[in-house]
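Letters A, B, C and D mark the chains in the order given here, with residues in each chain numbered from 1 onward.
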Amino acid sequence: MNTRTELLRDHACLVLHGPDRPGIVAAVTTFITSNKGNILSLDQYSDDANGGAFFQRVVFQRPDLAAAMPELELGLENTLGRFGLEWTLTDQSIPKRMAILASASDHCLLELLWRQRGGELPVTIPMVISNHTNSADDVRTFGVPFFHVPSQGADKSAAEAEIVKLLAGNVDFVVLARYMQILSDSFLENVGVPVINIHHSFLPAFIGAAPYRKAKERGVKLIGATSHYVTKDLDEGPIIEQDVTRVDHTHSAADLQARGAYVEREVLSRAVQWHAEDRVIRQGNQTIVF
Amino acid sequence: MNTRTELLRDHACLVLHGPDRPGIVAAVTTFITSNKGNILSLDQYSDDANGGAFFQRVVFQRPDLAAAMPELELGLENTLGRFGLEWTLTDQSIPKRMAILASASDHCLLELLWRQRGGELPVTIPMVISNHTNSADDVRTFGVPFFHVPSQGADKSAAEAEIVKLLAGNVDFVVLARYMQILSDSFLENVGVPVINIHHSFLPAFIGAAPYRKAKERGVKLIGATSHYVTKDLDEGPIIEQDVTRVDHTHSAADLQARGAYVEREVLSRAVQWHAEDRVIRQGNQTIVF
Amino acid sequence: MNTRTELLRDHACLVLHGPDRPGIVAAVTTFITSNKGNILSLDQYSDDANGGAFFQRVVFQRPDLAAAMPELELGLENTLGRFGLEWTLTDQSIPKRMAILASASDHCLLELLWRQRGGELPVTIPMVISNHTNSADDVRTFGVPFFHVPSQGADKSAAEAEIVKLLAGNVDFVVLARYMQILSDSFLENVGVPVINIHHSFLPAFIGAAPYRKAKERGVKLIGATSHYVTKDLDEGPIIEQDVTRVDHTHSAADLQARGAYVEREVLSRAVQWHAEDRVIRQGNQTIVF
Amino acid sequence: MNTRTELLRDHACLVLHGPDRPGIVAAVTTFITSNKGNILSLDQYSDDANGGAFFQRVVFQRPDLAAAMPELELGLENTLGRFGLEWTLTDQSIPKRMAILASASDHCLLELLWRQRGGELPVTIPMVISNHTNSADDVRTFGVPFFHVPSQGADKSAAEAEIVKLLAGNVDFVVLARYMQILSDSFLENVGVPVINIHHSFLPAFIGAAPYRKAKERGVKLIGATSHYVTKDLDEGPIIEQDVTRVDHTHSAADLQARGAYVEREVLSRAVQWHAEDRVIRQGNQTIVF
């Protein structure tokens, strides 16, 4: 990560959203410029010209960013307060800490480990937690701690509590890399950071279990995968990314699963990268991806 | 169509399906060869090596095909009878007769008229029936008769009866090119030929009305279209073809509709072509597409 | 176009590019805001954080835009002069005037006429010029003037002169919709407006004549189309858009041509739309597409 | 591989090609049926109805296949001799032996190791040979021998001789998984088995070195990868598979390389699988892929 960190030194990312009002863009860009910032990229979107919501992501370079963060935050509070906007300012040279939860299938897990090692994902991986043990050696080969938290029986609360304890304070977001346990509402509350899932269908088609079998039964000509933020409603959270691949009548449900695996890992990787780069803003049950 | 007819002169297409048994392929190909046929293409599929269903499409050239059809049919009956197969033999130089039913939206309708005129669809179009009048001039420019059958009020039975009367005996299949009326079960029985529909979503997502609005609300990142045979269950018939295109948060529901229109017309055209070329075999609620 | 014109009333589009310097975004957005403009969308791109080129497209709503244009242009000159930027300001409610040049193949021509009629392209079409006559009736059905300018013999200069005379002062850009004549350098100079071409291959593969035949001979598994600005070097101009579709060994060169036709019309339509919406900026032999 | 071996027990694959003549399909299928074979799948293709070339791939199940192979081969010789066809008969339960040659980039190498371990590729991997050492540990983690054969200096003949010696008799085909050395004509002759390459562009665009840099300079909107059989002409061999992914002006040449890596590994994996399953037939400089 040294090269990436060096490339992103003094890069700040400001993400803001709220009610659209005239003058926001000018106010934000003037603030940045007058605070020694050089704008490198700027994306913005208004969902309605006449009084809708406003979304913006600005990346700017600012000398001595680390030292200036408190001062910039204070200034932004003063500048943006009157517009009623929510905002976050992050130092892009600090990678987000990502925990991965997995089960027996390892294709999504290994893809993330691999891309992170190759410097393609701006994250660190403090831990992998699995309810199976088969990936332990592979994970540790990447220099990543592996924790086995079995989840047998009907009552998952002990397992969930153990996972929350491992994660608490150590991670900025969690990825369910084909983690095949349904998490409780209280888990989501207790974990306190965004949770990203990969579902092995083109949602909203084939919600729930066994989507490849259902896809085979329905006779679809494309199968897909969907990465989304996890909410209390199973497979109903805001979609970050989706993609599909073509299949035909010669493919069995097992073939669909094998082909789908490559869509899953690609879709999940994109979603993780975009989240880690602060490109995704949740708006109701939808996402803006800059 | 003269060129196409010439190219396909003496081309026969044999489609068969039924229980898989050893020896079918040998029996069929030996029959064709010993009846002066030269096999041009052969596709086959078995859905289970151990006692499943068998599907085959063979195209062969046979001198003086038109005269020999009765003799070939009799021979096939004798040859295939012991295997318990269903089969159809068609003369590929005779285009199928396709009626189009449409409503106000004309993109799918015009696409079919256009491709037919360009010689890309092996069909004739004896008539277009619409419950709107806006496309009348366009349709007649193509030299195709246009019939207006309004369908107002709750009781559609008179309109359906009129449509059935127009179609009876005159067409080999019917295409619903964004025909926005739900057809009754009795219509499907009375019309007596296959009916192909284009649904403006990636089924089984967004069944029923207003799929683009639903797609916008769900925040999907791809939208699609599905062409399927019409059955008594709305949007549940065997899928012939599907495709998708990428969208993002900047697209309104109206944008989705505009972008989706091009997927609809492409997907419907492919489905119509494959049906007209006897490439599609229905198996339960699925299709084999050779 | 009435609806579109209404929707885009008082919408201005400012496109600028030049050397990247700190403060441009703030200066531009502050100017717009202080001149009663409400920014609706803003895209920007810098090709190098350390002293590269800067590109921006801003759409803003400004009451009484038509009356205020001269005043806005003067103000922009004052504001942007010190940055050394090139810029254009357009009233989005005024559609660009697009001439189409075509030959015998009509798929790209009809696609553009059709989309324009459907309100999907923000252009008017003052004329279609063809060196063939087969499309004359179709074109006039759309209410568009059709001019036949034959181009036989080795010397095309008379034909080119006639085309230039028809276009002069009447159009904002020209589209070569499978116009199969090579235009001279002097034509490009004399016509004086951007010229967009569709090439029936995935450039830079298969430059020049008969790309589908060459694709068949090379045995490629995908074929494509490329829309680009025309420059003096054949098929070498800045690419606006490309796309591909899958083919296999069963497709003849004629099949590739038929399948490719649908990619061509889609790719050309996108390129035309983006150009007409001022989304494309040329930078050397490349394009920025916002 | 045990499961796969079990599934494919007694599965034979017969691939044949040669001049098209009436009666081939009947003769082949009758032979198989009369030799206790049950045809599971059959693909055939004729490149011209009037005297072109004929290609066929048949998979059939035959009890006690291993013992019956000599007898089947003798019978095929007798049956097919009069048609002048070339043919190969393989026992599908015996995986092909695949050597991988790699350099510093490990994405294609690891993808193949990973898919082979997951049972998705019907191959064994007797060895990986690299002119770099960085992947040695990873390769050996998969239980695969790793050999380092440096190739410095202008004269590669010693290195090539060492590679040929390692491969001789031990492998059925060789994959160049981003092996960045140009192999001599004599290497190809001496190695004596098919060699499959992955080129990091959509051939024939960007032949030779640095295709991603060239793609950036040309400003293409899609980048791709091509897997092909290696012949004496660099990047000119018969194409097995290609695919592309979308890029835009914001991507640097390094970004293209990172995004392209995922296309490369997908395209190479498909090509390897199809080759290993005897689905690819070379015909001049083209391929038939069943």
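Keep this in mind: a residue touches a chain if its C-beta (ideal position, glycine included) is under 8 Å from a C-beta of that chain, and two chains touch if they have at least 3 such contacts.
Values in this document were obtained by computation on a predicted structure and should not be read as measured data.
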Cα-superposition angle relating the copies subunit C and subunit B, to nearest 5°: 180
Distance-maximising chain from subunit A - centres being C-alpha averages: B
Euclidean distance of C-alpha centroids - subunit A vs subunit C, Å: 37
Averaged-CA centre spacing for the pair subunit B and subunit A, given as whole angstrom: 42
Per-residue overlap in subunit B, given as positions that touch at least 2 other chains: 45
Residue ranges of subunit C in contact with subunit D within the complex: 45, 47, 202-206, 217-222, 224, 238-244, 248-250, 283, 285-289
Interfacial residue positions of subunit D with respect to subunit A in the complex: 107, 110, 114, 118, 120, 138, 141, 258, 262, 266
Touch list for subunit B against partner subunit D, complex: 22-23, 25-26, 29-30, 32-34, 37-46, 49, 61
